[in-house]
Structure formats: C-alpha cells, structure tokens
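To keep things simple, chains are lettered A, B, C, D and E as they appear, and every chain counts its residues starting from 1.
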C-alpha cells in the first residue's frame, strides 16, 4: 500500500518556477483578454508581453547559484540563469520589432503573443532542468510554438520553412527519445546527474552503447544548434521567416540547445572520453568550413546571415568540446556579444523590409538591393557595415572580444591547430560579410529613393537598433563586467 | 511461454503493420495499418505491466491521433495511390540498411546493468495506474504541467494555422516549380 | 681661415640655388653673372687657401654631425691640405672659366638658367668630394657629381640620345658605386670609422687581405667614375651634353675623381702594391685601348673624349705605381689642356651649328683663327711636346713606368703617346686645315664672342706653362703624399724623354704631312681593324645584346610570367577554389526536404560508424 | 602632457563625429585643420620627448579586461615616435593635395578615421590594442580604394582587405598563445609588450610564434611572395589612398618586425635571419625588375616600394644598431618619398586621366616645376646622398654587411636596379619631345599641389642633410632593444651573433 | 524467455523501419506517419526497460512521449492543411522554393 506523502512547500522551492509561471500566466492572460476585447492595438500586446518578460526577468534576477526544486526536477544553476537571461533579453528585443511601420497580420493576433510567451516558457524549462523528460517537453513546447510563429508570417515561403523545420524537428525528436532510451537502459535514470553517477560507477562501459547514445543526442541537439549535417534547415527557415524572427532563432533556441549540450556533454568530457572531443572537433570544423564556403556564394543577405550563424555555432562548438569553466564562460560571452549584433543585423533587414520583392523574384534582400546604399542612406549603411564587421570579428567591436576569448580558450586547452583552423575560417568569413559592405559602399546606387531602406522603420525599432549598435560598438567597456558576471555564475554552477 | 508467444505474435504484427505504413502506396492503407500497429503496441504495454500506458496508447493514439489523421486524409483526398518520385534509390537503400544495422546492433547489445536500483520502484500490490498517478503528481508535477502548456500551445497553434487567411496567390509556387 | 673654406665650399651652391629660382623662367643673364661671380669667389678663396697651405696651414673642420647610429658617428668634416687644395684650385678655376665661357656658348639656349644651376651644383659636389675628411663625405660628392653629370649630359632632354646617355652614365656609375659602397662598409666594420685620418692611422695594423679587398673595392668605384674599362662606354656617350659640360665634367674634374680617390687613399694603396699594379696595368691598357678608338672616330667630341679616357689611363698608371704626386700633377695639367680642347671644340661646334663630323669641316682656320690657335696649343700640350704642360707630366709617368721595371706598361704608354699625337693632329688638320668641306654642307662658320676667347686665355696660358711648376708642385704636394723616388739614372731618364719626344714629334709631323695631302684612302675604312675600332670594339653593342636587352626581357618575364601568372594566380587560386567549393557545397542545400532528412540520417550513420569503429587513444 | 597619447590617437576620431555635421563644401578645410592640429600634437610630443630616456614615455595604462589581461596601454619610444609624426604629417600633406570632389565628405572623414588607426598602431603597447588598430586600419583603406579608385577598384579593394586580414589571422592565435605563456609563467594574463619583453621563451616555441607573427607582418610589408595585393591596391587606389598606403601602412609591417619579432623572439629571429634576408634580397631585385617592366607609372612606384621594403627588412635583420636604426629611418624616408611620388603621379593623373607611361613624354618641357620636384623625389628614391633616401639605405646595408657581405652585395644591387627603373621611368615620361597633342596643354603645378609637395621636398633635403637628431633618438631605443635581445636569447649562438654584429673590427 | 534484449531489438527494428519511412516517403502525410513509428518504437523500449529495472521513470517518459506525439500531430497537420490549401498538394517536392 502507498503511504501518504507529505511534501513541505519549502522543499518545492517555488521561486525556481516563478519565472516560467509568470510567463505562462501572461500567455493565458493574453488569450483571455483576446476573448473579451477584440481588435486591440498590437502595441498593447507588445507592451503587455514586454511587461511580462520584464517581470519574469526580475523574478530571475534573484536566482543564482545551483538550487534544485520540485523533487529535484528543476535545476537552476549559473548557466541556467545566464541562459534564461539571454533568452529574456533577446525576447524583449525581438518583440519590440513587432511595432513596425508596415502592418503585418501576425502581429495583430493575440495568439502570436501567447505562443511567443509559451515558447519562452519552453526554452526556460529546457535550460532549468537536468531531467531529460522536462528537457524534452520544454524543447517541444518551444519548438511547436516556434513552428507556428514562423508559419504565421503568412507567406508561402514561411509555410515552406515551417514545414521543413517541423519535419526535421520531428525526426530530431525521435533521436532525442532514442538517446534518452539508451541512457535509461544504461543507467535506469533519466536525470543527467544520476546518469553521470551510474556511468561513473560502471566505468563507462559498454562503450559502443554510450557512444551511440551520445550520437543520437548530438544529432538531436545538433539540429537545434544547426551543426552540420543537420543544419540544412537553417538557411531555408531563416529565409522564410520574418527577419527579426530569424535573428531570434539564431540566438535563443541555440543558447537553449547549448545549455543542454553543456550539461549533457559535461558528463563525458569530465570522464575524458577522447572520442567525444574528437567528434566534436570534427563536427565543429566541418560546420565552420561548410557554412563559410557556402555563405560565400549566397545572393541574399538573409540567407548569408543564416549560413553565418551556422558558422558561429560551429565556432562555439569548439568551446563546447573543451568543457572547462573558462570554455563555458567563453561560450556565454560569445553568445551575449553575438546576440546583440545578430539581432541588430536582422533588425536592420527588417527595417529594409518592403511589400514586394523589387530586385529579385525570390529574395527580399538580395545583395544588389544594397548597392550604393551609402549614397542614399548613409546612416543605415554605416550601421549595417558596423554589424557586418562585428560579425566578421573585426576589432574592437563586440564579437571580436568573444572570438578573442574563445580562441584564447582553445589555445589554452592546447588545441593550437584547431585555433588556427578557427582563424582561417574567420578569414574566409570576412569575404561574405565584406561582400555586403562592398555592395553598400563601393557600388553605384541602384535607386534614388533612400526610403526603400527604411520602409519598415519606426521609433521602437530604431531604439532596438540603437541599443544593439551601442552595445556592439562600446563592447570593449562591457566585456569586463559581463565576463565577471558570467565567470561568477559559471563557477557557482560548477561546470 | 505465454509471454514469448504473445511477444512474437505482436512483434510480427507490429512489424508487418508498420511495414505497410512505410511501404504502402495507398495512404489509406498506410493509415489503417498505422492505427493497427498502434493498437498492437498497446499489447506490449500490457505485457510489460504498463497498463496505464496501454490504455493511453489506445485512447490517445488510436483514438485521437489517428482520428486527426483521418480528418486530414479526408481533407487531402488521398484515397488514390500516392505517386512518389523517389530519386537516388541506391543511397536510400544504403542508408536504410546501414542505419538499421547500426541501430539494431547497438540496441541488441546487453547495454543494461544488473546492479541498478530503481529510483522510483514499482511497489508490489499497488496498481500501475496508482503508481503512475503518484509519481506524476509528485516527482513529475512540473513536467506534467509543462505538458499541459505544450498541449495548449499545440492547440492554439493548430487553430491559428488553420484559421490563416490566404494572402498570396499560389502563383509563386508555380513560378518556383517552373524554374525546375 | 675657416671662413675661406666655407666660402669656397658654399659659394657655388649659393649660386646654384639662386639660379634655381629662375629655372622655370625665361633666360636671364643675371643667373650667369651671379654664378660666375660666385665661382670666381670660390676660386679666389681656394687660391687664398692654397697660399695659406703653402705657408704650412692644414685646415680640418667638423661642420656638424650628420649620421650617428650604433657605433657610427659621422660628421660633415672638411679637410684642406696640400692635396685637396690643389684639386680645389683646379676645379674652381676650370669651372669659373667654363661658366664664363658658357655665357656665350649657351646664349641662345632656352635652358640657360637651368644650365648654370647645374654647373654650380656640380662644382659644389666636386668640392665636397675633394674636401671631405672622410670616405662617406667623399661618397656624397661622388654621387653628387654623378647626379649633376646625369643632369648635364641629359641637358637637352628632348633628344633621345641625350637622355639615354644620361641614364647610361648614371647607371653605370651606380654599378661601380656599389663596389665602392661595399668598400666603405668594409672600412667601417674594420676601423669603426670613416675618417681618413683614423683609417689611415690604423691601416697598417690590419690584415693585408682585408686592405687588399678594401683597395680593390674602392678602385671599382674609381673605375666607374673615371670610366675605366669596362665602364668606359658612358664617357663617349656623355658627349651628348653641352660642350662646356664635357670640358668641365667629363674632362677636367669629375672623371678624375677616381684618380683623386686613389691619391687620397694613397696611405692605403701603398700597403698593397699588387693592387697598385693591377691599377697601373688597367690604366696602361685603357691608355692604348681608348687612344685606338680615337684614331678612327669622326666625331669631334668623341675623339677628345677617348683622349680623356686615354689620359685617365695614364694617371692611373702613375697612381697605381705609387707616383701619386705625378698622377695629381698630370691630373691638373690635363684639366687645363683638355678643357681647353673641349672648349675650343665647343667654339667649332658653335660655328658649325652643332655639327660634329670632322670630315665635314676643314679649313676652319680662316674663319676662326683664335680658336684654332688655342686648340693647337691644347693638342700640343696633350701630345706632350716640350715646353707645353703635358710634356712634363706625361713624361714623368712614362719614366715612372720604366723606373718601376714595368716595361710593358712603359711600352703601352709609349705607343699610346704616339697614337695621341696622331689623333690629335688628325683632328686639328681635318678641322682647321685642308679643304673647306663645310661649304658643301652650307655652314657659315664664324669666330665666337671675344669674351669667350678671353675666358679661354687663362687655360691656354696654363696649358702652356703649367709644366714649369713641376718642382714647386712636387714639393707642395709631397708634404702630404709620399715622395716618388726615381731609382734609375738621370741619363736613362733623359734618354727616355728624348725617345718619347722624338717619337711623338715624328708622329705629329707625319700626321700633318699625310693630312695636308688629303689623308688616308677610303679603302682603309673597310678594313676589319678599322671597323673594329670604329665600332668601339663592339663593346656598346655587346652591352646592348648581353645586358640591356636580356635584362629587359627578364624583367618582362618576371612580371608577366612569374608575378602575374604564378604568384598572383596562385593567390587568386585559393580564393577561386574556396568559391568553387562554395558552389559545390551549395548543392547540398537542394531545398528538398527529403534530402535534408537524408543528410541528417547520413550524419547519424557516419557518427554511429565512428562510435562503433573509431576508438581514439585516450 | 599626461594624456597626450590618447589625445593624439582619438582626436581624429572625435573630429570625425564633429565632421558629420559639417557641410560638404567646408569639409576639406575642416580635414586640413584637424590633421594640422594633430600634426602639431605630434610635434609637441616630440618636443616633450625626453631624448635621454630610451624606454617608453608618456605611458598611459588602463586595465580593460582584468581577468584576461587586456588593457588600454599606450606609450612612445624612439622607435615609434617618428612613425607617429610621419603618419600625422603624411595625412596632413595628402589632405592638402586632395583633389577629389566626389563624396568628399565621406572621404575626408574616412581619412581622419584612418589616421586614428595608424597612429594607434604605432602607439599601442598592448598587443590586443595593437591588433585592434591593425585590423581597424583596413576598413577605411578598403573604403578609400573601393569607392574612389579606378577601374578594377573593387577587386583591388577586396584583395587588399582579404589578403591582409587573412595574413593577420594567424597572428591572433600567436598573440593569444603568448598571452597564455605569460599566464603560465606568472599566473596572470597580460598582453602588454613591456611585460612580454620579460618573457624568455624556449627556442621551439619561438620558432612557431615567430612564424605566426611573420605571416601577418610579411603580408603587410609586403614581402615576396605575398606582395601581389600591393600593385593592385596601388594601381586602383586614388592618390590619397596610395599615399597613405605606401607612406604609412606598409610601415606597420616593418615596425611590427622591429617592435615584436626581434625582441620577443630573438633566437627565432636569428635562426630565420638568412631565409628572411634571402626573401628580402629577392624582393629587392625581383621587384626592381618587375618595376622596370611596368607600363603604368603608378605600378612602377608600387613595385619600387616593394624593392625598398626589402632593404628595410635587410636593415631590420642586420640585428645591429646601425642596421635597425637605418631601417627605421628608411621607413620614414620611404614614407615621405613614396608618398610624394604617388602624389606626383596623382598630379598627372588628374590632368590626363591616365597613368600609362607611353602616353607621356616630354613633360619636362610643358611642366618644368613638376618635373623638377619629380626629379628630386626620384633622386631621393634612388638614394642619392644628402637626400633622405640615402641615410637609411646606407645604414641598412652597412648594418647588414657585418652579417653577410655577399648578401649585402646582392641587396646593394637595389641601388643599381632602382636607378634603372626610376631613371627609365623619368626618361620615358619627362624627356624627349612632346609627342601627344593632349600633353601640350598641360598646366604646371598649381598652388594647392605646391603646398602639398613643397613640405615634402623640404623634408627630403633637410632630413637628408641633418638626420642626426632623428637618428640619435631612434638609435637610443634601438640599442636598448638590442640589449634586451641579448639578455633574452636562450641559445648561445644567438648571443654570439648579436655580439659579433654589434662590434667593430675583425671582419673577414 | 523473452528478455529485455528482445524488446530492445524490437525497438531497434521498429525505429529502423521508421527511419526507412523517413528516408523514402515523399508524401508529407505519410512521412509524418513514419515519425510516429519512431516515437512508438522508443515507447516500447521505455516500457521494457522500466519493467526490467522495476522503475517507473520509463513509463512516465513514454507517457510524455505520447503527449508530445499528439501535440506534434496537431501542429503538423495544421501546417499540412495550410500548405494543401495553398498548393493543392502534400508532396514534399512542392516545397522547393528555397534552396541554394
């Protein structure tokens, strides 16, 4: 017979759940409001969403250090807090871009905001646990919402993107489940901490099965992180979705995936299984190379940026392979810096969004569109150029510091050749970023009308660009405090 | 003995059904086979003392999921044979065989351990459903709620997607096809 | 006395800078007057210094620091001693004369102002060359005169041949300069200084091999500047410049810088008689070699140029054999009579509208008697007929050669003297006497401006009488330079002198006789030897074929083939390969969902294969 | 005076921000004023510079990222002082000579930005800071070449950018690795050069690190065979771009050799002495030959730059005070002279819109002043004594003679071959009859051009006649550096060589 | 005696079948069927391991997988309907607008 179970409220550690709860409440509130009051302005929803995100953020700030709750299902440690922070900040930046000049149907719908909040909740759960079940659920919640958000852009390309993303996601989900099964069979547990303990006790045998489990997990997470060869969705999905959403996708799902990957791979890197290191290096290198050389030949800026974000993911993968505290700090530093720049860059494309494709039947932002932009819209061109140089890792802009720290970490870990490969790749990458700059600055204008480049701009969007730009330029000053925060949190989570 | 017979019977049935799903040219057959396969899978659950799962499998999968598919099928008018233009057959065969061999090879290996203590052991004399309920509302309370959120989100998503009004004419697709 | 030194040194550059202001403007006599005045001032100062030096003064000033790096501390230092002051006087004297002469000669030239700028700049450089107290200072002047020579040879830059000759002169000198530069480097790393004083003070304590190397390298520089074989071709081509330039630079002063260098570094060369011997041998060779080319040449100025070359050979013989003061003496006398010859030739050219072919002249004596006389004086001096200046210096050289036991050198010089006599009087005869061929070509020759002739007079006088200063000169310069002791008996010496003089006079008479009878037959001109000489032993041709053209072809090859085809191509190839592979990898993005899923499974399969088969060493 | 270095570095940047609001018509004057003030600042720096102190002066230190040892660290010594002045001076002069109307505002602001990066490179004492400026300098140059260039400008700009960027990629790894070595040695991170100077590295590591740095510097210099970007960049760039590229940007590479390669890796530098000297000799001879074969005036000067950079490298790797001081002086002189030559080509290009040599001939007749100034610069380029070109070339070769006389002889052929291509260029374009009708009407230099060129001519002469104050200041710091190298050398052979090449006497 | 290995082997076979379906199916609907097979295969495995260890986590996992599968179907079918309305086909070769 079952004896009654008594659970004290304190042991649940409700504070850990608070951020997600707030957002879930927010999503429900939005849906309810929509039931009663139709035709509310989109600015209302945006601000409401922003408000909830803000509250969520304040709830998050109180948290630090590793603490578990809800029968040890929840695990909020340093990287969790960091990742949630990044997710929330990007979300806030993203949702403001909804206040564009041109009307877009999806932003008028309350469901959009509700799904958006659900998605954030999903990501937050994903990073706030080490239980594979909850990770899987968070992942799926977020993904399903995301597919819908993409499709709601309501273009043929958006549907195509959503279906491609969805189908591959379904396959990835299958692999995730299979990997979980393998580890469950190996250890009798679905919690990473227990898995580690048991595997340690079993001395990491049998090797093949463990490695196979890792492989399935790598494929599933690699899909989220857009690691070759599971990256094929990235350019198509970015191209199909609206620019800010593409920017958002290049940051948030990846950081969530990175956190899971860090937690998961930490087990094996601690055990110093050389296979994992080698395979990760292999994946990182082909991811970088393939993405970079493919980006060289792109004709559309958005697609180019998609490949660029694959390459950046490959870059970060190297630090994942190292797995030291410093390396994990490097990942987060890189990602924070990359976040601002990338969102800024995609927002710039969003600003340049217009109704019809003017210069190419397929692409909205072909390179030719930006020809001679500096003559008709010098400010925009300069800002865009700064973002491009930043993504290229040009000093002293933000990503450079991330790159510096990351390569420094790789060098410290003794992988000098890998570091050389990384810098060679960043040298290759310069070409395609520069291609846009060449078009903007060195070619003759394609149009007299500078408004085409700011067709979709509005004050809030300009503010977003301003924030990201400022951060990008004066990153030199921010790097020190950010790195301080990251290191503190990282050390406290013992990764 | 009974277990073995049941296992092999169900195995053959399930593999057969899913084989039809994978290889059939007719969507209707495929769907029916899938539904059948699902039901037979619930047989395994019962065999494995997971009564609750067995029930859920029948109710959710065969009841809800397959019904959804059936509705979709009506919508798509897929009673006809499906013409599939499969290219690179050799690659597909190679990949199929290889992935099958590797997956099965790995799962056939004795990967489980004998020394593991159950963390949430099944208690003697307590029904499966009861046990599930107990764990679900203590340990897995949060996942359970997240699943609720997920289902809600999926529902909203489904509604939103179907509700979407057409903005662009399908001409773009024609153009894209014409390019090939 | 320092101020005289500075005046002598800087007066010319002041003049140069002054007239520089006018270069782009119209002709202005004031430039000529000012530069002439300043050159004269410089001459006077030099003369004053000479007297002071005669009274025992030796001036050594360090004007200011110039280069200092590492252990090197190199000032601008100037030294006025018995040797340099002789050079100063010679240079300033000849240059003053030439400058004044040029006022008439360049009267109608549109580059009038520019000309005087260059001349004064040249004098300044030359003075630096001779006055410097260290090797690098000498090198400054060395290059400076090279530059001025380049500018003046190419003075009429519209003429292709002139600018070509300028380039040739500059570049050839550069080749030799490299040798000299190497010599300087060796000096520095051996002695830690460039100053003559210190170098010569320690030169005795240094390995002879090194001193020999230094000597040879310095001599390479000297060969270039003094146009010794094989660098001699530039000098003949340098005749493209205005004639006063030829007189000043390519006869009297600059080309003798090489001799001056050997004299200046006599303390060093004395230690290495083997090198001296090489110098002397080369000098003797050039003396004959150049004279032989002068035999058949029809170009008025080139004949004199070859003669200059030949005489430089004489000087090197003297310098190489250790008879430094004789070399210096011949240098000085040569300056006088050779510039006289050139300037006279300038008068002729002027009269003949810049015609240079002596076969087109003839009988000019009537038209320009004074010039003819002056040139005759110069020629006689050149041939070394008593009592003209050349007699004293040249015979001394022959004696020195004989004295040293180098009979083959002596013999070469002896033959050279005969040749000199022949070509000199061939020239005089063809130009001033015989048929008035020029009338056929429609020339109207006339005597030049009187002031020009007056200006030539000092040179004429010096060419005549300078020889009598032999003993005071010897006494004067041997205070610094080593004395040269004749070991042979006085009677041998006298015998030699008579032999040579007789031979020379015989040749002169024969030449005059032959040419007053219409010269040699035309058939001679088809002889191989004649052609060989006429074509300057085919050496310019050889340079053209063996150096200039291959170099250009090689350069083109380096650019078109190596640079563009190989290096740049391979750089671009990297980019192209990357781009091409991008186009290939792009195919992976077929856009087809099936392919995407398959890639995913391919990845899985590959990784699974790795998981099963790949076991790295831990 | 305490923050004068920051002032010098960032004043142009501040000016750029002000410049945004200035009207197009006045922007050039604004640019000249700013660069003039900047030049005055650099002169003030020289005046305030203590010529008896061989170390870094006016040091400013602010820690940027403590954990990672990155700092804002500026300082100046004898080696960098004059390169700073050269940068400010050449920017000023090139702006005065600027003759572009198209998008003038963008151009002027870009040049001011470029000036900041150039000065920053020479003043940075933190390696990361150095790298920042090093890379940042590419951006304005990319824009200048690509936007105001001619014909193949975009190809040239991209080539320039990618080549140099890719070249310095490895350096970044090298920097990080050195930082890590410092961390291992001391327990704290540091990228500051004075700190690194204390680091004694094992020989093998030196070799690798030297290689990593070498590629970056070699591309920048540019050394054979990494030089092919240069002719394109010069050929297509507008005059002002070529001037700054040749005058200052190329010096970044050779400066970096002196500043980093030699003192950080003394043993590797000595180890690679002969291979590098061989490359340098190839540069000297090969580039001179290629220059001779060119048909475009600007290309001649572009290749001549490579040739001269070869001499600078030779001087740098002479490893003695004579050679290195000479090399640094030669950087200055080549900066001034090649800058001037490019401006001169720009003058004729403005008039005729062509740079092909065969289009000209007889220019001396129609443009005597122009020909005169060109002649002066040409003579400086071929290293005539009493011009600025001689001093550096002489000292560089002099220094290297002690290392190897035969290689010096080969490198010395540069003075011959240099004369060949320069004189031939001069002859073909300035001498002879005026054959083309278009050339008859050409105007001689105008006031603006004079204003830009006369200071250069003056400098060429003044520094040729009296280089001593400059040389002694450089020499002081160079000697300090050589002492440091001797102290740091881990191989006895290195020390022996350093002592040998730095002492007089005993030559073979 | 049926051991855990039997069940896991069955899981492997079924999973491979699903993979084969994913590889060769061009009809999107039937492709979705194949992904259902994948999840179902895993479910059997979880239940079997759960029984073997006497641990309930596996069953819970299966339970959630079923929930996930259901949500996926909802969203997937939504997308499919949408696409069908647009293009009149659910063949995945019609999704070829974006490539390269």
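Quick note on the criterion: a residue touches a chain if its C-beta (ideal position, glycine included) is under 8 Å from a C-beta of that chain, and two chains touch if they have at least 3 such contacts.
Since the structure is predicted, the reported quantities are computational estimates derived from the model, not experimental observations.
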Problem - Any chain in contact with chain A as well as chain D - result: C
Fill in the blank from the handout: Relative to chain A, largest Cα-centroid distance belongs to chain C
Practice task
Please give the pair of chains with the highest number of C-beta contact pairs.
Solution key: B-E
Fill in the blank from the handout: Note, CA centroid farthest from chain E's centroid sits on chain C
Fill in the blank from the handout: Using C-alpha atoms only, the most centrally placed chain is D
Practice task
Report, in whole Å, the distance between the mean C-alpha point of chain A and the mean C-alpha point of chain C.
Solution key: 78
Fill in the blank from the handout: chain C and chain E have mean C-alpha positions lying a whole-number Å distance apart equal to 96
Exercise for the section: State, to the nearest whole Å, the distance from the C-alpha centre of chain D to the C-alpha centre of chain E. Expected result: 65
Exercise for the section: Express in whole angstrom the distance between the two chain centres, defined as the mean CA positions of chain A and chain B. Expected result: 29
Problem - chain B, residues touching no fewer than two other chains - result: 92, 95, 99, 102-103, 105-107, 110-112, 116, 118-119, 131, 140, 143, 147, 150, 153-154, 157, 159-161, 164, 170, 172-173, 176
Exercise for the section: Would you please write down the residue numbers of chain A that are in contact with two or more other chains? Expected result: 133, 137, 140, 144, 147-148, 151, 156, 163-164, 167, 171, 178, 185, 188-189, 208, 212, 235-236, 362, 428, 431
Practice task
Could you list which residues of chain D touch at least two other chains?
Solution key: 162
Practice task
Chain pairs that touch, all of them, please.
Solution key: A-B, A-C, A-D, A-E, B-C, B-E, C-D, C-E
Practice task
Sort out for me which residues of chain A touch chain D in the complex.
Solution key: 374-375, 378, 389, 394-396, 400-401, 404-405, 407-408, 411-412, 416, 419-420, 423-424, 426-428, 430-431, 434, 437-438, 441-443, 476-477, 479-480, 483-484, 487
Problem - For the chain A and chain B complex, residues of the former touching the latter - result: 1-2, 5, 7, 17, 24, 31, 70-71, 73-74, 105, 109, 111-112, 114-115, 118-119, 121-122, 125, 129, 131, 133-134, 137-138, 140-141, 144-145, 147-148, 151-152, 154-156, 178, 182, 185-189, 194, 198, 201-202, 206, 208-209, 212, 361-362
Completion exercise
In the complex, chain D touches chain A at residues 64-68, 70, 103, 106, 128, 131-132, 135-136, 139, 142-143, 146-147, 153-154, 157-158, 161-162, 165-166, 169-170, 172-173, 176-177, 179-180, 183
Exercise for the section: Over in the complex, which chain E residues touch chain C? Could you list them? Expected result: 19, 22-23, 25-26, 28, 92-93, 95-100
Practice task
In the complex, go through chain E and note every residue touching chain A.
Solution key: 4, 8, 11, 15, 18, 22, 28, 31-32, 35, 38-39, 41-42, 45-46, 49, 53, 55, 57-58, 60-61, 64-65, 68, 71-72, 75-76, 78-80, 82-83, 86-87, 92, 95, 97-100
